[in-house]
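The two complexes that follow have subunit A in common; it is paired with subunit B in the first and with subunit C in the second.
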Partner chain A sequence: MLGFEFPQINSLLRWKDFFTSFNKIGLIAVLAAVIGSVVFLLAGRKDPQVAPTGVRNLAETSIEFIENGIVMETMGKDGLGWTPFLLSIFIFVYLCNVPGIIPILYMPATARIAIPMFLSLLVWVIYNGVGIKHQGVGGYLKSTLFPPGVPKALYILVTPIEFISNIIVRPFSLTVRLFANMLAGHILLVTFALLSQAMFQATTHKIALVPMGILPFFMLLFITAFEVLVAFLQAYIFTILTAVYIGGAAHPEH
Partner chain B sequence: MQAVVLHVQGSALVLPATTGNTVSATEASKPGPIVPEVKELVWGGGAFVVFALLMRFVLFPRVKRGMDARYESIRGAHENADQLRLAARAEVAEYDAQIATIRADAARVVDAARQTVERERQARLAEVNARLNEQRAAALAEAEAARAAAQGEVREAVSDVAGRAGELATGHRPDPQVVERVVDEVMAR
Partner chain C sequence: MEAFAHLAAATGLTGAEQKTANAAIGAGFAYGLAAIGPGIGIGYLVGKSVEAMARQPEAAGMVRTTMFLGIAFTEALALIGFVVFILIGL
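What follows is the complex of A and B.
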């Protein structure tokens, strides 16, 4: 009989305050904003006429990635004005995700619901605002709740679905997609780390158990590498969905 | 954080608890793990809003301006290079045209020179041929004259010898005209 008692979930996620109301999640969020700002500040200081290297290259690559990979694909040329906002979202979410695999920090700030929820609500306010600005309240509600090309009789069914889908579910799904993915990754890392430690340090007569600790350790390494990809992917998904929602609200005909 | 417990064949083997900055088990029981904490909302939201505003008004425009300036300069350099390439191509075409003109001129001059040389050669040839003909005719006439002179001398000598022989044989000198006629007949055979 082999059993493994896992710590309470909250003890993996909730952190003591460093000082009043400022814990590790706040620290990571502030660090994300500071690192993002410093990279772009340093990039802005370099001579733009020479071929970009180092931080300048990083900043320009990220701008081109957002412009060509997200804005032009989802919103077209009219959406280029949204590049700074989408760039901020991408960098901030990525830098909040990536501490999940950085030693000492080992906690993605987005594995707590506060930051994904804040960003999703902000995106919700923005895309609804953009829709109302471009189409007016009536026009926006009409294009959102009464999609063209649907037989009128079906509106009884379609309109509530569209309302729930576009107005209620979107911010919720945006929050949960990011939060749940990062939380799941964090829990997997903790699980395999604790399992490795438990098996390496087990005071048991079953000596064979000790070398078997290498198996969860390999899994820990694999999940860590996988989380590098997940951190980027979740930031990209969050940003591209934001662009799709804003683009859809600004140009419903697309 | 709570201790990790490993049960092996009924005997629980307790490992040292992993301690850190996480809250205690009592604290950890509430609120639930998916309930947002206000302090995290405030710090996370505040950090993002400050970052987004900085990005919108300071950071992005500076980097983007630099990128646009460089792209513009690269585009200008490309256009300049295109113009230079076109100009170079035009110059090459002009050079080729000039080469063709010069070659045609050279061919014309060479043809004219060749024709002049041919004409001069023909004239010289005719002149030389005429001179040769003249010389040949003169030589022939001279040779004919010499032959006639020699023939006359031979006829005279033979006639003289024949006259003397006739005189010795007959005792009187034969008629010189007859002797000359006989000699002429013999020489003409």
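What follows is the complex of A and C.
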């Protein structure tokens, strides 16, 4: 009746190259990196003695948010040295997520698996490196693979589980969480946009379908507002998990 | 296989079409089933967190952080289901 056909998933996610191997995803990622750096460099040039205004206000708020909301909650005072790293991850992931709802761009760069996967591999290298640096190779393996307080015989069962969950599943779930959330949001937006377009331009049953097209359109508006929240929340969750992993590797529970 | 051949003959679909149809059904089930557990889990988790925040508003910040962490871990299963849905369904 409606003749509504959902497009192939590739047509939603694959973009034409501007030039060799540089498409919209690459452009968004580069923009995210450049905008993030420029905002913080501009903020850094302002006079710290006067009350903060404009970009400096933004920069100070986000730094405070990372320090109080993420570092102090998960790593404590010792982790404050990690603030710059976590702040860069947060800003980059957020600026990669947000184009999912910005007109013209309309594509979260993190909805392709490359960027989340690279970030999680980076996090994986860092938290393993931090663990080895703080506890030595043997100590790190001992504290991750042989958690204290477990009866000796159970280590046959616990050690493989700990190995899989700490070394293999962590980067995988970090990747999939960010990637699948942004992809799901993108597909939802496309679904309701196409649905409202199909209903507004219906050729049959016009009297019923054209006014009813307002319903998917409202849903589209609602999901756009929801995506604002999701973009922030996913960046926050990615950062806080990074902080938890690094904190856990640096100071294992005794 | 015999049964599939009979089914295909009965519905008038070729083997490849039948396979696509089965994949579509399987994809729907994959996502639906994967969403049940995390749905219950997140509901329970957030409910308990709200309870804790209402009882001790001064601990709200800590509870909220832990809640988001818990949601992140719980949600991962549903998202893996979603990825499987896309892999086999589209």
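A few remarks follow.
By definition in this document, the second predicted complex is superposed on the first by the 248 of 254 C-alpha atoms of A that agree within 3 Å, B and C clash if a C-alpha of one lies under 4 Å from a C-alpha of the other, contacts with A are read in each partner's own complex, and residues count from 1 in each chain.
Criterion: a residue touches a chain if its C-beta (ideal position, glycine included) is under 8 Å from a C-beta of that chain, and two chains touch if they have at least 3 such contacts.
Everything quoted here is computed from the prediction, not taken from an experiment.
When the shared chain is aligned, subunit C comes close enough to touch A:73, but subunit B does not. Once the two complexes are laid over each other on the shared chain, residue contacts for A:202 go to subunit B alone; subunit C is not touched.
Once the two complexes are overlaid on the shared chain, A:11 sits against subunit B while remaining clear of subunit C.
Once chain A of one complex is fitted onto chain A of the other, the partner contacts of A:173 are limited to subunit C, with no touch recorded for subunit B. Of the two partner chains placed by superposition, only subunit C is touched by A:241; subunit B is not.
When the two complexes are overlaid, the chain among subunit B and subunit C that reaches more residues of subunit A is B. Once the two complexes are laid over each other on the shared chain, residue contacts for A:53 go to neither subunit B nor subunit C. By the touch criterion defined above, A:184 lies against subunit C but remains apart from subunit B after alignment on the C-alpha atoms of chain A.
Shared contact residues of subunit A, touching subunit B in one structure and subunit C in the other: 8-9, 179, 183.
Every residue of subunit A that touches subunit B in the complex is listed here, in rising order: 1-5, 7-17, 21-26, 29-30, 32-33, 36-37, 40-41, 43-44, 46, 48-49, 56, 59-60, 63, 83-85, 87-89, 91-92, 96, 109, 112-115, 117-119, 122, 179, 183, 194, 197-199, 201-206, 209. Remark: subunit C residues 61-62, 65, 68-69, 71-73, 75-76, 79-80, 82-83, 86, 90 touch subunit A in the complex.
Residues 1-10, 12-13, 15-16, 18, 21-25, 27-30, 32-37, 39-45, 47-48, 50-52, 54-56, 59-60, 62-67, 69-70, 73 of subunit B are the ones touching subunit A in the complex.
By the touch rule above, subunit A contacts subunit C in their complex via residues 8-9, 69-70, 73-74, 173, 176-177, 179-181, 183-184, 233, 236-237, 240-241, 244.
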